[in-house]
Amino acid sequence: MSDFTLSELLICACADVWKDDGEVLATGIGIIPRIAQGLAKLTHSPELMITDGEAYLTETPVEIGAKSHEGRSYGGYMPYSRVFDALWHGRRHALVGPVQVDRWGQANISCIGDFDKPKRQMLGLRGFPGNSINHANSMFVPNHSTRVFVEGEVDVVCSVGYKDDNWQPGVRRDFASVERIVTNLCVMDFAGPNHALRVISLHPGVSFDEVQDSTSFPLILADDCVETAHPTAEQLAIIRKLDPRDVRARQIKDNPPGIRP
Amino acid sequence: MSDFTLSELLICACADVWKDDGEVLATGIGIIPRIAQGLAKLTHSPELMITDGEAYLTETPVEIGAKSHEGRSYGGYMPYSRVFDALWHGRRHALVGPVQVDRWGQANISCIGDFDKPKRQMLGLRGFPGNSINHANSMFVPNHSTRVFVEGEVDVVCSVGYKDDNWQPGVRRDFASVERIVTNLCVMDFAGPNHALRVISLHPGVSFDEVQDSTSFPLILADDCVETAHPTAEQLAIIRKLDPRDVRARQIKDNPPGIRP
Amino acid sequence: MNKQMTTTDVVAQLQDGMTIGVGGWGPRRKPMALIREILRSDLKDLTIVGYGGMDMGMLCAAGKVKKLIYGFVSLDFIPLEPFFRKAREAGTIEALELDEGMLHWGLRAAGYRLPFLPMRAGLGTAFMHNNPEIKTINSPYDDGETLLAMPAIKLDAALLQVHKADQLGNVRVYSPDPFFDEWFARAADKTYVLAEEVCARLDSDEADAKANLFERSLVSGVVEQRGGAHPTSHVPGYGWDAAHIKRYCQAAADEGGWQVYADEFLGATEADYQNAVGGLDAITSLPRQVL
Amino acid sequence: MNKQMTTTDVVAQLQDGMTIGVGGWGPRRKPMALIREILRSDLKDLTIVGYGGMDMGMLCAAGKVKKLIYGFVSLDFIPLEPFFRKAREAGTIEALELDEGMLHWGLRAAGYRLPFLPMRAGLGTAFMHNNPEIKTINSPYDDGETLLAMPAIKLDAALLQVHKADQLGNVRVYSPDPFFDEWFARAADKTYVLAEEVCARLDSDEADAKANLFERSLVSGVVEQRGGAHPTSHVPGYGWDAAHIKRYCQAAADEGGWQVYADEFLGATEADYQNAVGGLDAITSLPRQVL
């Protein structure tokens, strides 16, 4: 397929973060990650557990932008208290949207500037500390830039990463793993030497240099770096079913095509 | 009233353990304590919370020996998980039936003899350790004897008492209190010097000497020891309503009268 | 025993400097009529604890807040709470920013009267640097694992939204997600519930009694106020008022915007407020959001 | 994904020496058809964990047990479980006797993958003397309180009784009290549920979905067996079989009584068992106890 948007490409790339995860709670925060979790479940990973966006687990991903609850049905119950019980237990993989990310995979959604008197206050820690130390996490960054991928450490370390100095002796690190970062330019993982951030696929028409220029710290180009897989006709059909009102078109500025003209 | 049984006298004495407790969960284990909690609620302590014998709180004490759930209604929910949440929070007063009690107010329901190979295995610890260290507890002993009120320490200390040696330094003792012991002979509390067990009322026709002879350690006779109050006509009417099938008559051997002949 | 009272009775029992927990989650199930009564009062120097939304934003805007303890402050469909943001950026309030699970764990510790509960969340993050008073603890077993010792978060009072209550303090919550309200109640010396309806006595069947989220011994006061959660949602019942919330957020853009909002809507009583926002029927007709 | 299997499939996945948690409480909601399948098997040296009833008594009687971990072993209306008592008095099994809340707390610690959780229960009692391996821990805050550090109780497997399940592992429990089954599931590497009925897929409304006691990712196997909790109760549905339980208890009075009981009732399959106790209709007609 060559007729697809960047959003659709990203949805497919995001869906892949849950491949081979087994029966975990898949939590995608934001429109593209949420469509992606549904796509993953309806294609390669039917065993994933996903919610209706509120407190119930459903085997049928809900439509984005639905106007009524009509016809929804639920296999399980997942109120927030159980989300914490489940995430401390570890069977979860979240795909979250950070404001800043650093070379150690640490992310920030709390505030920009000094914590005591921030230049810009944002959400707060939310679940980042507990998620990141207990289960797999991936990130979605729709605006890959040096502002997001900062040179030093993120202003507020909300989620743990691979910076040894931040880990006290005796703390268990083995439950934590930063899996993938999907951006509007590429897909990365932390499988470089010493968990260095590594580009494993470039979106159609994007060069490694462009990615590197948009990142404040050095990246590694994977030996087997490929072009990010294009959505298949089957994937596009499912995406259209999951998002019939094309809310995805409003997620990336100007809704660019998936293959750069 | 002079026409009442010993069981009825004991029910009234047991009900009084919850007087002035405020809004606590009243838990009476066994037929007499259970009728007593209902009597307390329907007389001096309407604010008490009591269950239906299972998982619900009811403002109307259920009938002992009822043949159906017909007509029952519930104000609240109290499954076992919440019982523990509530008892660790402290707003509870249990009236329990120990097999052994010692001078320090420690009680045993676990086993007789050596724990590793008991002469007689009984229930296990049940909730005694957690109850006794977190909230007020009273005891009901229908067979006041030297076998129950043992000379030394109980064989297995299931519930904490006033024996200093058993308390490690740094442990909080202030949530624990052994309130009253109601037996077939008398009512006692631990308000003697250094929490010595003290007889505060003797049932009609019972002498202090008889109580002392039935106890393996020295008791104190309260200065203001009285005869245990006889049930009033109102109390007896309520007891008959709570226990219309007279299950209480089978709780004390031969169902003796409240005033010894 | 009759615990029924008015919003003003509740506020009269609160004092300057208290630590007050507010139930709900972001734009959902906030006992807003009680928050509005605090806004109308002289109360000050409050520490507010919760999964915050406009409750925290409004109290900050009105200068009631000394300190906030929160996992987040957000309106979900509008991610950033504008008045909270203003207060933080102006440096006028103290902030103890927690992981969401950490807040639950601190309330649970308080509910059990324990000094702390161990957990992993927070280790390896800025939380440790920003809050040097938080200690770690080592497992006394062979693993020797180092854990964060989350201290109990004790509340002087908790304010919670429920669907029904009776005068004894029995409550019913029929929401899809009860959030952590039970733990606010257990952590608090006194809990006040704002109910859509209050009756003399709730006597229900087993299925309905399961909606009793916490036992009445935890409840000190019961207030009846239909529509009292507005503009937050109270499902089943009504959704949040997106238009009103947007209006509120826009107010933050202007200097003195809070005062303009308060003058327009707050009024002297909840009846004034409900009239100003379009009336009770409009509130209770707000459709549940479809997510 | 289809997790449906038979009781023999479940037992084939268990191994000698495993630590197995059994849900329910005394004579209530025990997955007895799974217990019976273990009784028919060669399994041995098991550590059984739970709020015990006949599950523990029978496994002791049949020589399957190396160790019991329990808050109590009781049949409620018959306070003392006779075969458990025999085994303890003969000194043939190890016993870790816990406070009821302690058992919950140890399972919860395991469910959170924490090494321990602090609590007060057990301090000041014989538990400390009988279990010198249990440690205390001091609060790292100013209070410095000494608490018992309840170690995690990890389970190799959990066996749980549910009303409905689907082949994906979604469950429904409609009981008045779900007890601590959720925490057995979280503490276990693998959880097997015994359901009155199994369907391909449970798709239900919000109210029904709230009866989903734990998420399906915790469930490894789903077995359909109507009446499988007999002789324990499974309300709503059926009460416990007091006559049968008395018959079982009487067997303990005689030398070799267990074998007589097993010969009379156990059979080669659950169908044999149900025939021997009067048939499925008799089981499912047993009235709920009124307490």
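Order of writing sets the labels: A, B, C and D. Residues in every chain begin at 1.
Definition applied: a contact is a pair of C-beta atoms (placed from the backbone, for glycine too) under 8 Å apart; a residue touches a chain by one contact, two chains touch by 3 or more.
Keep in mind the model is a prediction, meaning the values are calculated, not measured.
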{"item": "Each chain counted as touching chain B and chain D at once", "value": "C"}
{"item": "Smallest number of contact steps required from chain B to reach chain C", "value": "1"}
{"item": "Whole-Å gap separating chain C and chain D, where each centre is the average of the chain's CA atoms", "value": "39"}
{"item": "Separation of chain A from chain B, taking each centre as the mean of its C-alpha atoms, in whole Å", "value": "59"}
{"item": "Euclidean distance of C-alpha centroids - chain A vs chain C, Å", "value": "30"}
{"item": "Multi-chain contact sites of chain A, meaning residues that touch two or more partners", "value": "56, 88, 134, 175"}
{"item": "Where chain C touches two or more other chains at once, by residue number", "value": "112, 114, 119-120, 136, 145, 147, 176, 206"}
{"item": "All chain pairs that touch each other", "value": "A-C, A-D, B-C, B-D, C-D"}
{"item": "Residue ranges of chain A in contact with chain C within the complex", "value": "52-56, 62, 66-69, 79-81, 84, 87-88, 110-111, 115-130, 132-134, 156-160, 166-173, 175-176"}
{"item": "Chain D residues within the chain A interface of the complex", "value": "1, 111-114, 166, 168-170, 186, 201-206, 208-212, 215-218"}
{"item": "Chain C-facing residues of chain D, complex", "value": "112, 114-120, 135-137, 139-141, 143, 145, 147, 149, 151, 176, 206"}
{"item": "Chain B-facing residues of chain D, complex", "value": "25, 52, 70-74, 79-80, 84-85, 88-91, 95, 97-102, 104, 119-128, 130, 136, 138, 144-147, 176-180, 288, 290-291"}
{"item": "Partner chain C, residues of chain B touching it in the complex", "value": "23-25, 46-47, 49, 56-57, 59-60, 73-78, 82, 85-86, 88-91, 134, 175"}
